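The data blocks that follow each hold one structure.
You will see two complexes here that share chain A, one where it goes with chain B and one where it goes with chain C.
Our next item is the complex of A and B:
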C-alpha cells in the first residue's frame, strides 16, 4: 500500500460561540493554509467535510469560500467518529490514486443534532447519551468493583491536562470533590463526568508520500487503520462494560501497522464520559479488563501525559465532526515534538481512538514519525 | 400491520422470520438474514433486567425480552436488581418516542 501522510493542519478554539457552521469550517481551513504558506489552492484534489450539521453541500461551500475547485467534494457523517471516518476516506482516495492531496475539514456547533440518534427507538424515552453512559458506568462499576470516586480521576486528570491546550473549552481544573459534588444527572453520572458539546473546527491535509515531503520536514504517516461497526442501536451491544467495536478496530489497526500496543507512546482516546476512558484503554489492550482505572490513577499521580494529553473530549470539549480530526492533530503534534507543554518525550508512535453511539462503531488510527 | 402502528395502540408485537426462525429486532418488514418478509405475532410482555440506573424518582432499565429483544424502560416503584423479572405494564409512543413502563414481578 502506498504511504499516506499528514502534510498540514489547522484548528480553532473550542467554544460555546453561536457561529455559523460555514464560518467554523472556514476558520480552521484558513489556519491550515496559514500554517503552510507553500500550499496552493490548485494542489487540492479533494475536499471532505466532517459534520453532523444539517446544512447541505458544505464541502462545495467550503471549497468556494476557500477558492478551491476540487475534483472530489462531499460530506461525511458518522455521528461522533465522523472525523476519523473522513480521514480514512481521504487516505483511501490517496492510496487508490484518485487524489494526491486531500483537505479534510471537520466542524460542529454547540447545538449539534448529532447528539441524539433519533432512529434508536430501542432506547425508548431514554435517547440522550447520558442514559447509555449511565448504563455503561453502572455495568463497569458492578463488574469491576469500581467506585464513583475512582472514576472521578478521569475528569480531574483530563481537565488538568486541558489547561495546557490553548484550544480547549475547559478553562479550569477541578478537584475530586468538585466532580463528586457536580450536578447529579443520574445515580451513576455527574455533570463533570461528561464531555460537553461545543462549537469548534479542525482541518487536516493528507497527501501521498512524495507530495507530503514537499510540504513538511516532519511528515507523520498513517500506518494503521482499523474500523468496526457492530450495530447502530445501543441495546445491541453484547457487553456494557467493554467496547467490542473498539477491540476489533484496534486489532485491525495494529495488524496493518505491524506494531503492538506496547509500542504506543501517546494516545488520544474517546472519553465521551468518564467511564469511556478505562473501557477504551482496556478494549484497545493498554491494560487488562478492569485495570483501566489503576493505569489512569498512576498516570495522573505521576503527571504522565501519555493518555489524552490535550485533555481528551472531557477537557477539550466535543464538537462531534471536529473531534476525530482534533485528536489526530494532537497526535501529529506530539510525534513532531511540537506539543509545547503537553509534549510526551520521545513520542514516535501514537494512536487515535474515536467512536460513535455507545461504541457501536469505532475507528483506531496508528500514526508514526 | 407494523410495530409502530400497534405500539401506538399500546400493543407489543414481534417481527419474526418463519424461514430463519428468528426474531427481528429492531422490528423491520424484512428479515436481516434472508430478506424474506417477516410475520407478526403478539410479543411476550415479560422480560429480565440486564442493567439499570436511576434518574430522579424513576429507575430506567435495560430489559431483555424473549432472550433477544433489548429495550430501555421505566420502573416507577420498587428497587430493581440485575436478573430480576419485569412485566411491561404500558407501552406506546409519546412525543415521537417509544415508551415502556414496567413493573417488577
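Our next item is the complex of A and C:
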C-alpha cells in the first residue's frame, strides 16, 4: 500500500464556550494553515469534516470560509469515533489515488447531540453514557477485585498530565480525595471519573509520500489501521469488563504495521471514564486482563507519560468529533519530538485508540516516524 | 487503479410514510440481501450510511440490525449529494485495499432536516431550496429566452417516465396545463416544477473486481469519478444559468473513464427543479448552452428514455440521502438490461449526476458494463 503521512495539523483550545460549529472548524483549519505557510488552498483535494453536530453541509461551508474548492467534501459521523473514521477515510482517498492531499477537520460544541444515543434502549433511567460506564465499572471492579480508590488514579494522573497541555479543558490537578469525594453519579461512578463534553476543534492534513515530504521535515506515517464495529447497543457485548472491538482493531492495526504492542513508545487511549483506561490498555495488549491498573499505577508513580501524555479525554476534555484528531495530533507531536513538557523521550512509534458508545466500535492507528 | 464494481443493490418504494430512519435503512439493506442469496453478512468489510437525518451512529445501528460486524462504519452527509459521496468513499476503500466489499445504504424521511441550509443567509424570505431554484429559473429564462411553458416539459416527461418505475413516489401523469396551472410558489416556480421530499431508502454493494464477479453475472464497473465543491452559499456562483461544479466534475469523470459525453447511452441527472434538467445536460456537455430544452423536447416527443428513465427526482421523489444511490441503481439496471419498461436499448455506458444546494457541489459517475 502506498505511504500516507501527516503533513500538518492545527488545534483550538478546548473550552466550555458557546462558539458556532462553523467558527470552531474554521479556527483549527486556520491554525493548520498558519503552521504551514507553504501550503496553498489550491493544493487540497478533499475536505472531510468530523462532527456530531446537526448542522448540514459543513464540509462545503468550511471550504468556502477557508477559500478551498475541493473535489471531495462531506461530513463523517460515528459518535466519539468520528475523527479517527475521518482520518481512515482520508487515508483511503490518498492510498486509492483519488486524492493527494486531504484536510480532515473535526469540531464539536459542549452541547453535542452525540452525547445521547436515543436508539439504545438498554440505558434505563440514564440518558448519558454514564449508564454503560457504570455497568463497565461495576463489572470490572467485580471481575478483577479493583477498588474505587484504585480507579481514581486515572483521573488524578490524567488531570495532572493535562496541566502541560496548553489546549486542555482541565486547568487544575486533583488529589485522590478530590476524586473520591466528587459528586457520586451512580453506585460506581463519580463526577471526576468522567471526561467532560466541551467545545473544541482539531484539524489534520494527510498527504501521499512525496507530497508529505514537501510540507514537513519530519513526516509521520500512518503504518497501521484497524477498525471494528461489533454492535450499536452495548448490551449485545458478551463481556462488560473488556473491549472486544478494541482488541480486534488493535490486532488488525499491528498486523498491517508489522510491529507489535512492545514497540509502542507512546499512546493515546480513549479514557471517556476512569475504567476505560485500564480496559483499553488490556484490550490493546499493553498488559494482561485485570492488570491495567497495576500498569497505570506504575506509570503514575514514576511520572512516565507513555499513556495519554496530553491528559487523555478526562484531562483534555472530549469534544466528540475533534477527539480522534486531537489524539492523532498528540502522537504526531510526540513522534516529531515537539511535545514540550509532555514529551516522551525517544518516541518513534505511537498508537491512537478511539472508540464509540461502550466500545461497540473502535479504531486503532499506528503512527511511525 | 484497480476495478471496482457494483455487486448488488436493494431499494424501497419512495413514499410519504412516517417510517423511522432505522427501518428505512434496514428495508433496502434487506432487499439487497434478498436479491443476492450468495452474499453473507460476514463478507462485508464496511457499512457506510448516507443520510441527512439527525440520528447518530446509524451505520453501527444498521450493522447490528442486519447482523453485520464491519471494520469500517460511519455516516456520510453532504446534503442531496450524500449518496454519491458515500459511493465514492466506498470506491476509495476498495481501491486502496482497506476493504473488499462495502455496503452503502442511503435513507431519508419526508421531513429531512437537509431541506433547509440554515447557514445560507442569501435565501431571503424563502427557507426551502425554492429560493435558489427561482433565481436559477429566472436567470435561465432570461439568458436563453426560454418560457415557463417550455420548462413544463421537464415535469410532464419525468412524471410520465416515473409511471414505469414501481418505486416512484409519483403515481400519475400530468399535462402541460396541469403544470402551468399548479400552485405558483414564486414568480418563476410552480409546485409541479419541484421534486418532492419523501421517505425512501436505497442500498448498493461495491466490491473489488474478482469479488464482484462472484456475486453477479453482469458486474457494472465504476470507470469514471468526478467531484467538485465550488462553494456552500449559492451567491458565490458567478453564473446562475449553468452549473460550474457539474461541468468540472463531468470533465474529471470523463477523463478518468476515457470516454466522452457522446458515448453515454443513458443518464440520471439531478432535476430537483424543472430548470435543473436542461442546465445539467448543458453543464455535463450533452448539448450546448441554452439548448437543453431543445434536447429534452426531442427526447419527449420521440419517447426516448435516455435522460432520467426512472422519472428523475421530480418523478421518483427525492429522499435526499437515498437519491444518489437510487440514481446509481437505475443506471446499473439499465446497463444490466433489466430495467423492464424503462429499458433504454443497448445501453452499455451510463452516467450519474448528483448535486447539492444550487449545484455548489456535484458528483458525476461513469458506469460501464
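Everything below uses one rule, namely that the second predicted complex is superposed on the first by the 365 of 369 C-alpha atoms of A that agree within 3 Å, B and C clash if a C-alpha of one lies under 4 Å from a C-alpha of the other, contacts with A are read in each partner's own complex, and residues count from 1 in each chain.
Simple rule for what comes next: a contact is a pair of C-beta atoms (placed from the backbone, for glycine too) under 8 Å apart; a residue touches a chain by one contact, two chains touch by 3 or more.
What you see is a predicted model, and the numbers here were worked out from it, not measured in a lab.
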item: First (chain B), second (chain C), both or neither touched by A:240; value: first
item: Contacts of A:260 with chain B and chain C, given as first, second, both or neither; value: neither
item: Which superposed partner A:186 touches (first chain B, second chain C, both, neither); value: first
item: Chain B versus chain C as contact partner of A:70, first or second or both or neither; value: second
item: First (chain B), second (chain C), both or neither touched by A:134; value: first
item: Dominant contact partner of chain A by residue count, chain C or chain B; value: C
item: Touched partner set for A:142, first chain B, second chain C, both or neither; value: first
item: First (chain B), second (chain C), both or neither touched by A:121; value: first
item: First, second, both or neither for A:40, with chain B first and chain C second; value: neither
item: Those residues of chain A which chain B touches in one complex and chain C touches in the other; value: 233, 236
item: Complex contacts: residues of chain B adjacent to chain A; value: 25-26, 50-55, 60, 62, 69-74, 82, 94, 97-100
item: Complex interface listing, chain A residues touching chain B; value: 121-127, 131, 134-135, 137-139, 142, 185-189, 233, 235-236, 240
item: Residue numbers on chain C that touch chain A, as the complex places them; value: 1, 22, 47, 52, 54-57, 59-61, 63-64, 69-79, 81-82, 85-86, 88-89, 91-98, 113-114, 117-119, 225-233, 236, 249, 252, 356-357, 360-361
